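We just call them A, B, C and D in the order they show up, numbering each chain from 1.
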């Protein structure tokens, strides 16, 4: 079976309108330095005739300045570069009406964030955090964001590049796609339970198992794409659906919050809504005490 | 006719060996690191008794590694006589056939391999000694022919500075050199002038500057952050039920968290009990960082040390009224003397153990590790040769109802030997057992004697969270066993305690619960610790204590 | 739990999650959400036969400092390292959402409310991120928290408090970075990749994870203060954190944006100057950056008492 | 593999102490536990529920709890424990601390 692992650029070609991808250019922003964040591919393309910002990983790039950044790892430069691409997108359509805010397509194939000493000294966490905030801002500004998992979507790197999208699609595991925090073998070692037991448990409870199907059952992936040739059409359809939802003011059906509801709907995360309701109810019962002007009570 | 006999065979043998080694030894007895293997091949013969210095703090690790590289056809079947075997190289010697027999005192991290090698016939065990016992045999029947020792610095003439961690060096060198043996020293650095001379160059045959400083581990550092509420409860019981009860002024503390807790509670709970000036005035112990608050509060007159402790150098040097300090201003430790004091002179030994049997015998031995006990048995026993008296020693002796059976109307004191344990250890392993694992170990490793750390007749007190068993007040084995059961909690041993019997023991003050002693369990919290973290210890020390990197969270 | 007044003098590091939560807000004002009496343990731990906790290792609720409603989230490191699962994650998300909804309600019903009467969120982090026993749910919860943060922007200030044993790592490392303000003690640690993983990746010679001093000077409070990743460095007491939080509660809401390290194009550009510096300096040790920032004697500075450190340290200027 | 749940009742003849309000104490750290103690009208009995990943210590739990309830002379209380391999000494300590909290 074919696979797109490590082929972010090929995926861009497969998804976008032919020869439409202009790498390094997003709105008014150009990324001229080829050595800056080489693991992140950003640019503008056309999708179904409309401009989209594309953000992908380059598994062949090696960041000379930060040796732990290679094979699609998102390092500090990569994270901030991706964030810059998002801010440039927001700026480009700042005056455009909601229906014309361009979509952002995230092509996901990343094994992790930069795991180095220099990264920790300077704060790798800020780079990935910055990118996520930028995506969330774009999402609330009205840009439809669709993520397409074509290869590896691993733990923190997936949080950073993928999980802030309005909707997430994934090629099926036949294509070698991996979505997980840790492979089941590692989880087995850490939680000290044998593989057989875990695999059996995973059938009824997908909460720790690896792979797009399990994520889908948890509402973590909106749709599984079973054919590489279907990616483009599926993304176009989802961009349309997301845009329609935003225009209808149904933002809460999208993004991480929307996927929460989807998880419950698909029977994967059923405790979450109960707990959310419990918290809301318990606060509602006492909220009056915390309103402006409420009598300031002393010790209970 | 009287047979002609030569009386200097030992010296002649040494001279012959040194002649063979001559080409490696330069001015000031200096040997290059690259020549050490050749040197060892020249001076060591098959079957020799060889000592590699190494104990808690100081390891002749480079020389051990070099010994491992000798040509086995030239050097083999050595009889190692040394305090400890904590390095992998120490056991590799046996694996490779360079060494054959071992007489030692402490196994440390290699204890598992010691047991395994005995079982596999790779290692012939002489005996597991106490330090003093082994040191004694250095001057009796286990004198090393060649000793590989360790010092901080040497000067250009070959004088040695053993400094802060003098430990075993004097005793090894004295035994070896004055029996015409050969002493080879590794030093971290060769300098023009030493701060002080600890070993004169005349007692040394060769000196090598090792490629890197010797391995040193902060074995006596306990992070106050890890002390639990139950350890604090035990410490409260100890302070009120034993320190205060007997006015114990001199003692050795083990290295466990219970004694760390006690040390950190002297300025708090101890102060409350008004023990300052009365208890803990004279101590035999390494420079435990957890002693800092009590020292700063003026509790301690004197501390003599077996060895040093990493990070405590500056602090100790700045407290010369308390520690034994050389004219150069740094600590002088000495295991042989500290052990002598620990054996004969102190009133109390208090420490932890892993297992206690129904008779009160205790051991840290597990079924598959031959660890040895170092100095614990010497301090954890009643020294029958003691002839000076102190309040604590006399009181403990006076309590013993069976004294009359032994010496009639005569007065005699007794060393307090205190074992503190929680009834269940990690993973709910019971501390009180029908049979010590030491017996299994004896069987597994083919030992002649089960390695008992402290024999039941030497133990005077057992402290658990249930209370204190005053074994010093027990006149018979029957009573002793009942007292042990009474503090053994929910272990199988403890469940055999009969409530009415325990009641009688409590009335007779042979068993005292926290309530009997007036120890408020609800106060057993970390709030009683004078320092709760490593940082607090540094603050107490006025910045003089410099904890090793792995203990610092700043 | 000890009396409120005695909680305050306690070490924040040594306190547990609930003591921190209760001590941060005014006496008697804390109401817990989904607390132990709700018995919402993790069903996922249960099926794996792992020990459970009634609050799933996270204390959430609301209290007040002066007139300010303070929504508190406090992670418990002693329970499975403070890792985030489905229940705990939902408690976190639900609490931030409650704060945002409450702010909306106040804006609507009390248009003249003063800033200090509007809610803030305080999160005491003590976690390595995702709980592996329920990894997927934990991961998705992280994304939801980030989403709520964006919703809270400009409306409800979110304040990170980091002074616990476990520190704040993994996904929660960037969650904390994304808040408006970061307050740390010198014992707090903030980062992404835990020390063991760095060692695994770079080798023991480059990074020895057993070297606590190295670990702390790479991600600890003092270093993060030098780097500007933490806004305020406080003493390791509950009162120390509470005092800083009280100050922030009084701050006009419009002034929080200026405290952020990330969250806008401008801030990203500023951070990129730091990245360029990292590439240029290639520091072998965090201390190299301290020296670069204008601290010629980083070792004594690291040992100095916190107040003196704050006074004398030069922070990295970008 | 699931968690081990133990439930039993303890009745002490001269029990007199009830708790006035529900209390929670402790953290389920390694070797530690948490306890909920709440009033429960149960004809003088104390109902105990222990949830623990460890098996094979059922009798020990019962003994430790019986001794605690007996010495505290508790009645009409529900005790719920989440355990993570605490030793009897820790169990007893936490129960005492919880009770002190209830009395405060």
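By our rule, contacts are C-beta pairs under 8 Å (C-beta built on N, C-alpha and C of every residue); 3 or more make two chains touch, one makes a residue touch a chain.
Given the structure is predicted, the values throughout are model-derived calculations rather than measurements.
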Which chains, taken as a pair, are joined by the highest number of C-beta contacts?
A-C
Taking all protein C-alpha atoms shown, work out their mean, then name the chain whose own C-alpha mean is nearest to it.
C
Counting only Cα atoms for the centres, state how far subunit B is from subunit C in Å.
44
Centroid of subunit C to centroid of subunit D, CA atoms only: how many Å?
34
Once you find the CA centre of subunit B and the CA centre of subunit D, what distance in Å lies between them?
41
If you look at subunit C, which of its residues touch at least two other chains?
47-50
Can you pull out the residues of subunit A that are in contact with at least two other chains?
193
Subunit C contact footprint on subunit D (complex, rising order)
1-4, 22, 24-25, 27-30, 32, 34, 36, 38, 51-53, 80, 82-85, 101
Subunit C - residues contacting subunit D, complex
1, 16-17, 35-37, 39, 41, 45-54, 57, 76, 78-79
Can you list the residues on subunit B that touch subunit D in the complex?
229-230, 233, 422-428, 464-465, 489-490, 495, 521-522, 524
Under the touch definition given earlier, write down the residues of subunit D that touch subunit B in their complex.
31, 54, 57, 60, 63-64, 85, 87-90, 92-93, 96-97, 100
Which residues of subunit A touch subunit C in their complex?
65-66, 68, 76-77, 80, 83-84, 87-88, 91, 113-130, 132-134, 136-137, 139-140, 155-156, 158-160, 163-164, 180-182, 187, 190-191, 193, 201, 205-209, 214-215, 218-220, 255-257, 259-260, 263, 269, 271-276, 278-280, 282-283, 286-287, 289-293, 296-300
